[in-house]
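One structure is given below, represented as structure tokens, and several questions about it will come after.
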Amino acid sequence: MSDSPAAIPDPLVIAGRSFRSRLVMGSGKFPSPALLRQAVDASEAAIVTVALRRVDLDNAQDDMLASLAGGDYLLLPNTSGARDADQAVRLARLARASGIEPWVKLEITPELRSLLPDPIETLRAAEVLVKDGFTVLPYIQPDPILAKRLEEVGCATVMPLGSAIGTNLGIRCREMLEMILANATVPVIIDAGLGAPSHVAEAMEMGAAAVMVNTAIATAADPVAMADAFRLGVLAGRAAYRAGASGHVGTPEASSPLTGFLTS
Amino acid sequence: MRITVNGTDREVADGLTVEALLEQLGVNPATVVVERNRDILPRDQFGSAALAEGDSLELVRLVGGG
Amino acid sequence: MSDSPAAIPDPLVIAGRSFRSRLVMGSGKFPSPALLRQAVDASEAAIVTVALRRVDLDNAQDDMLASLAGGDYLLLPNTSGARDADQAVRLARLARASGIEPWVKLEITPELRSLLPDPIETLRAAEVLVKDGFTVLPYIQPDPILAKRLEEVGCATVMPLGSAIGTNLGIRCREMLEMILANATVPVIIDAGLGAPSHVAEAMEMGAAAVMVNTAIATAADPVAMADAFRLGVLAGRAAYRAGASGHVGTPEASSPLTGFLTS
Amino acid sequence: MSDSPAAIPDPLVIAGRSFRSRLVMGSGKFPSPALLRQAVDASEAAIVTVALRRVDLDNAQDDMLASLAGGDYLLLPNTSGARDADQAVRLARLARASGIEPWVKLEITPELRSLLPDPIETLRAAEVLVKDGFTVLPYIQPDPILAKRLEEVGCATVMPLGSAIGTNLGIRCREMLEMILANATVPVIIDAGLGAPSHVAEAMEMGAAAVMVNTAIATAADPVAMADAFRLGVLAGRAAYRAGASGHVGTPEASSPLTGFLTS
Amino acid sequence: MSDSPAAIPDPLVIAGRSFRSRLVMGSGKFPSPALLRQAVDASEAAIVTVALRRVDLDNAQDDMLASLAGGDYLLLPNTSGARDADQAVRLARLARASGIEPWVKLEITPELRSLLPDPIETLRAAEVLVKDGFTVLPYIQPDPILAKRLEEVGCATVMPLGSAIGTNLGIRCREMLEMILANATVPVIIDAGLGAPSHVAEAMEMGAAAVMVNTAIATAADPVAMADAFRLGVLAGRAAYRAGASGHVGTPEASSPLTGFLTS
Amino acid sequence: MRITVNGTDREVADGLTVEALLEQLGVNPATVVVERNRDILPRDQFGSAALAEGDSLELVRLVGGG
Amino acid sequence: MRITVNGTDREVADGLTVEALLEQLGVNPATVVVERNRDILPRDQFGSAALAEGDSLELVRLVGGG
Amino acid sequence: MRITVNGTDREVADGLTVEALLEQLGVNPATVVVERNRDILPRDQFGSAALAEGDSLELVRLVGGG
């Protein structure tokens, strides 16, 4: 999941570590472990998020993630289910104890209906987890002031949402994201609500360092093909960002010459 | 003795180790994380850690999530 | 530019002819012939539009298109500069006489400032050109009724605009395009105003058969890299269309499980 | 419905005639004649559109429009139901024969599902009706070239749609409407799809001379209160247009002073 | 500024107090005290925000607010200039000491360029000020979780922004505002970025209890006329909300009858 | 004799005037517009215009519309 | 003696009251709010409150704002 | 004799062929399209087609366009 920076062209660098892909993929909601693995492979994601849950003692053998073994990606545990800072910290430490690396996607959502992040608890937990040695990637509203504060307490990235999770609405608060992108000194990963390759392409064109997608891939009719579509969308948007888009133009402009025959 | 596992009371043999409990429950020790009375139990202590009356355990593991 | 249909996966088929790419590229505004050719190659476009103009007798050797020789794409002449049906028909016939195939991108723009198409003249010219044996691809407003009438007189496609030419504003009259896409029995190529890979991805996700891009590539800081970015954007959008996007969702929906630890 | 221009402040002037209101109201779909009349009165509309239909011989007494008698507004018949120019001309002449003035809202919609206007037939009918002495107000797509051609054949206004009729989606092709507004020398009345007072306010702020509303009033829970809401929305947007809006600003700007206490 | 609730039809009620208008007007940036007063009167606002600043000792007589004396509205001081909770609390107490009522628009903006609110400091200051007896109206991002927490500590309203202050961009994060409106048990006042009557009408149609406007009125070519335009826009949107809008419709729908002559 | 009114055949008395027909049908002559064989019949001729075998009439009027 | 008013040092007469200072500065006591050494000084104490060496005053008032 | 080429009058030798004219002008006959008096002249007639007094020629070719 990480080569030496020199080896990867245009790597995503988080906390000093280089990743070959700018697509972070979530592993929830897949119809089967096999489809999950095939979709992850098709996505070429270098970071795959996972959650932590009680073992179901009636199906103790069940292991959705077994199919992910041996892959060349970082497993990034989230703190989904946490409703406050204490719960999130507890979840992060449990995840670390499973033997994976001390990275955490910090999400604290007190309200089950919307699953929107709590800014107060998120900052509180981020401070604790950073001090505890975690590489912290917090999920937040597109709130530029909060993003800056999280950066100041040592978060490795910020992960503002494009729109509410699972809605597939794409980027709905564009100006706030633009302000975050303009001021951040850590990588900005746009997360949640990105429902189509055009959405992730837009995010990358705006200058996002990476994007995160789960629902739109996992619930597609063909998740593996959709993973490939998102992979292409990220590449397309990133390529455009680097190629220097020419920007909106107020007035129409011909693409054919305005001089010459019949117009003379 | 009685302990609580994932929120449910269970009767188990006195002095049972965590490793033995996991085996009884059919839980793979290589992927599970065990929290005993709110403290994480390192995996290398599963074999030696004996459970006590009233212990509260959480057995958790990584699953798919976004 | 055309293999047997069997040989190309998911080909674009216009008037019975198969094309390997769903990106139509315009050749105007490039800084140099060499960059034009490199960009066309990077785009992997199978159709490249060209215009027809008086030879500049002071620079008679000048040949912008020389660099395109030998390429594996159809040269599709447009009728840019035509202000009415008669001029467009005359231009189409002159283009055909240059030795290329009898295909024509029909555009009639009476007003130089906006370069918007004239629906009346376009239908009139389309009827004449179809009878004269041309394969006609008309550039139009996203007007579903006009699209249907052009289809009825035998046009091979319709090419509704996303937004005014050269503005890079993307798709601005989405509902009208959706109605055209829902009713058309010919391929719909969305043309004009597509300024970023996210725009072409969106067009393809909506079900467009192809897209056309010129300004956004030709005026990018790095046109060759941008051509590649658009190539990827088209592939991404098409892949998503075929993979069966799961659609917008009215309410937030978790990607991690809602059951288990800490939520019990 | 028309005073001398001097008497009305900021009148809408069409074909030399002044109207006291910039809200044109449609009379279709109302639950009862009484509610229709109350809503018209609440709207203060000076122009009310009507349709022409066969008398239902099983209910020959039925007269939806009886309640409109004696009102101070112009009854403007439309050509709804016409699928081509000939049918529209026939309808316009029948409407005139009913004894009302020779004004007509020209709408030609060949396709029943979308009810979108046909640009070719509309121009054809407009030419005939103008020559026949009608004051012609054509319903069109937001097509700036077509708008100009209709103006050139003598139409008194153009009535581009905001979005498809009955959808309540508001203004969806804003740039095209802006081009029509910038170039028109006749009043532009934005029609169809305006589903809320904010939509009509936006249309008026853009510089529309008037707006037309029917569905959103007639199908509201309280049509009379909604008619009043639209009346206010038109007044609000027109007042803002005349007051000189200060326009979008690229960057945030304080409304409180940036100097002084605590910031020194 | 406040009558008995019975006397005002559809009053805005904040902290048990009724206001006759749902337009809150800011008093910053006006060209002159006289224009400020005329605009306030034209707006019919029942709440007018003010700021607190050091007396300029070189122009100690200067009193921008003298013109507001004797008006029938609540003067609502803001904490503009505060960069953290302590500064905001200090400002609120100073404002109260000036003799006006203990109400405060709480705004804490650590960053001068964007003037966006700090969620952490805002919650902290809100708790202190509520305990100190203030009626607190906090300015926030459209963050539903933060809104709920502020409500829980006793804020009298929440004031989420439509878009960044002074940008006139209108409502840009609509879904988040909708979630706040759906869940709030205190009045929601949409503040900042509302640049046109259509914007405030939209906010009111969505169910906002009130809106706040300053820049768009103060910087209009004619601030008094613009204040009237916003007054009308608020009334229009509120009336539509109460009249029961019929909502968006997926497919076109005729406003004229689809039966009868020429369609039979 | 047979005539067609609004697309439906009817048997009416020979030489019936339009005015009489409208009265039979209960149609208000003040608001109806009559088209006979594709020609509009002016309202002041309703009383004098006698219908003929095979005439096709359209009786239309204004209704609510947008 | 020296005091600070709105961030600027000033030399004033010993024992000057706030009321007298405001009069010297031309500041209307009816609209000003005075903070002395971070404490708000009630308006009814302007006449009696004598300034002391090193006092820091903030004189603020309401202005237009959004 | 005088002819018009791309909107400009020119004096050329009597009886000049199109092919010769193109050579004089430095125009590549392989890529140019020639319209004479509004009729397209097939490329294989460039050598044989003699120009006449007052002829109006358009010499056009494909260029970059969108």
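Read from first to last, the chains carry the letters A, B, C, D, E, F, G and H; within each, the first residue is number 1.
Quick note on the criterion: a residue touches a chain if its C-beta (ideal position, glycine included) is under 8 Å from a C-beta of that chain, and two chains touch if they have at least 3 such contacts.
Every value quoted in this text rests on a predicted model; they were computed, and no experiment measured them.
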| item | value |
| --- | --- |
| Chains touching both subunit E and subunit F, listed by label | D |
| Chain pair with more C-beta contacts, A-B versus A-H | A-B |
| Distance from subunit D to subunit B - Cα centre to Cα centre, in angstrom | 72 |
| Length of the line joining the C-alpha centres of subunit A and subunit C, rounded to whole Å | 32 |
| Mean-CA-position distance for subunit C and subunit B (Å) | 62 |
| Separation of mean Cα positions, subunit H and subunit G [Å, integer] | 93 |
| Where subunit A touches two or more other chains at once, by residue number | 26, 28-29, 51-54, 78, 80, 90, 114, 116, 164-165, 167, 169, 214-215, 254-257, 260-261, 264 |
| Touching two or more other chains - residues of subunit F | 6-7, 58, 60, 63-66 |
| Full enumeration of touching chain pairs | A-B, A-C, A-E, A-H, B-C, C-D, C-H, D-E, D-F, D-G, E-F, E-G |
| Subunit E to subunit G touching residues, read off their complex | 26-30, 36, 49-55, 57, 60-61, 63-65, 75, 77-78, 80, 90, 93-95, 97-100, 165, 212, 214-215 |
| Subunit C contact footprint on subunit A (complex, rising order) | 26, 28-29, 51-54, 56, 78, 80-83, 87, 90-91, 112-116, 164-169, 195-199, 201-202, 205, 214-216, 218-223, 225-226, 228-233, 235-237, 239-240, 242-264 |
| List of subunit C residues in touch with subunit B within their complex | 254-257, 260-261, 264 |
| Complex contact set, residues of subunit B against subunit A | 5-8, 25-28, 31-33, 35, 38, 40, 42-43, 58-66 |
| List of subunit A residues in touch with subunit E within their complex | 109-111, 114, 116-120, 123, 141-146, 148-149, 163-164, 167, 169, 172-176, 179 |
